[in-house]
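To keep things simple, chains are lettered A, B, C and D as they appear, and every chain counts its residues starting from 1.
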């Protein structure tokens, strides 16, 4: 279990973290069908990128909606979502590991009313790779807040999904233009050079 | 499991919450011996006050240090603390219930970098009963932040503990003088009139 | 001078505020030429909307970049910008009045590290009309943060400008789609029905 | 005028700032008589310490209540307070200079809903000297928030005042014990060694 007393991630070269946004999900909301359809292939890309990140000892942070469950129980939310067909299909692909970090968020941005910024400071992070859903909602809100806090942003174009391809591409384009985010596909992202 | 969609606590008369601060604890820190000695009798008082609060449907919120474990896993922290002798003795008395709320905090004040304020807004809370440890540290920091946010404060004198009686009484006196907190003993507190 | 002790804006029907974003400006930055060209006609629309708002006693808040001047001196910044040709042309149109409110912001969003939310609470505001520049930067960032805080949003399409028409329309479209903002032209906005 | 583009205070050795809390004041509140009586001698000590700080190029930040005037007009507030007899006596002693920094605060803590933390980051500050009034209110609240943010604290005992000597000494004692603040008299404070 990660603790502030024995941070495994604070070597001098460590400055990047991988955020996985709202992928622990049962898609039981309006347009959930559509979002799920676009999310499934993306989950595989996120899984591959996560594997590469962990090999380089890049910390992985699951930042996820608390779905109005105020019990600070991320494992409980994972279990609950896994009981649904869609939730389990996604979780099978991007299963959280014991040495990952988990931050529950009550709103769209992962920085709003959460300790995320403290955790990133403690991990000495200056650059963020952001993946997850929805590209034009929680990913975009989180990226905006990260930009105001001066993080360098990497948002691989094949690792986010939205209700439609158009909306996702529009969000990616905006994050590239406005937030100076790097948005190449994950397989072209050289994690050693971030 | 409480959810924003089916809040059991939002009748019109609901405006008070009971905060239990840092009582999920193994006291494995400097002066932990002293603090534990003062906390054990206080735990019984908190347990009694909690029973009375729940009969009136007053929401109970455990706000607790995350001890540098960034897994958003309150149940896991309860289990870990329960494995210690001191932790289990306290938890046996003030065991969290399934319909309680849990907020993990990374610092002294329960409002700093947590969603506590959002949860209190959602529960329509205007007044706080604060209990727990340490009276002159996390309770005091939390009470200060609550005062700036205009909550009415009730801090029963027999429901907080510090490393020494003197420090606890000094903190209670300050919270009474500076923060206008009510600090009578819990048995004299009329929960229906808050 | 407005003060919390004699708030002229707290009648029961008061629930809307008019935010004017970053219009106190000298456009002395990259692409400032382009932004200025699009801003000048918009300033006239904002001026007209402000007149209508003030007749209905709707509070007007200028929220403006502090330009790295940490003197908390909004009047000084107005004077400094007025000394430039572009700044004076805009300020002549949307001159702040003595009974307007002023909030200096250090970043894109007007909510980030400012007391704006406190001021809006004090004014009992639930809905925001947002105007100003740039539509796809500070207006968008501010609207996002307002949406997370549950304000109803009105962002008249003729009262924001960006470096290009395309970028401005794209931002307006996104704020309409994602943030449920009303984006009709200001002359069609019925201020009595907000 | 200080700007982020030409920060005069960012040499590598710069890591301390001097906060002057709520000294721009007319004392027109309950117990203002008492507080004024204790503040006048303290103002002289603050003035001397400020002189020494400026010789070493230590940035001086006036953090001051906005008194419910939401105009972001620190110079206006200075002028208004100066028009009162008590305000002018104090301001004559601790007159803000053009190259000082000013942060208006809406509540007790200088960190709550203000950009103070951003400004301190920009100035590369790790240690704070805090002076001003009231020692057991705004100074204490500000010091608590500074402690949670890991600043080293220096709170010279002859540079704060409260309504009574007892309350001020109690606050100093607490800040020394709980926040590990250095509280020696200002004349014994070696600014070169902070």
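One rule holds in what follows: a residue touches a chain if its C-beta (ideal position, glycine included) is under 8 Å from a C-beta of that chain, and two chains touch if they have at least 3 such contacts.
Keep in mind that what you see is a predicted model, and the values were worked out from it rather than measured.
*Asks:* Please identify each chain that touches chain A as well as chain B.
*Replies:* none
*Asks:* Relative to chain D, which chain's C-alpha centre is the most remote?
*Replies:* Most remote chain from chain D, centroid-wise, comes out as A.
*Asks:* Find the geometric centre of each of chain A and chain C from their Cα atoms only, then give the gap between the two centres in Å, rounded to an integer.
*Replies:* Using C-alpha averages as centres, the distance is 32 Å.
*Asks:* So what's the Cα centroid distance for chain B and chain C, whole Å?
*Replies:* Spacing between the chain centres: roughly 41 Å.
*Asks:* What residues in chain B touch two or more of the other chains?
*Replies:* 107
*Asks:* So, with touch as defined above, which chain pairs make the list?
*Replies:* A-B, A-C, B-D, C-D
*Asks:* Per the contact definition, I'd like the list of chain B residues that touch chain A in the complex.
*Replies:* 1-5, 66-76, 101-107, 113-115, 117-119
*Asks:* Chain D touches which residues of chain B in the complex?
*Replies:* Its residues touching chain D are 107-109, 112, 136-137, 140-141, 144, 147-148, 167, 170, 174, 177-178.
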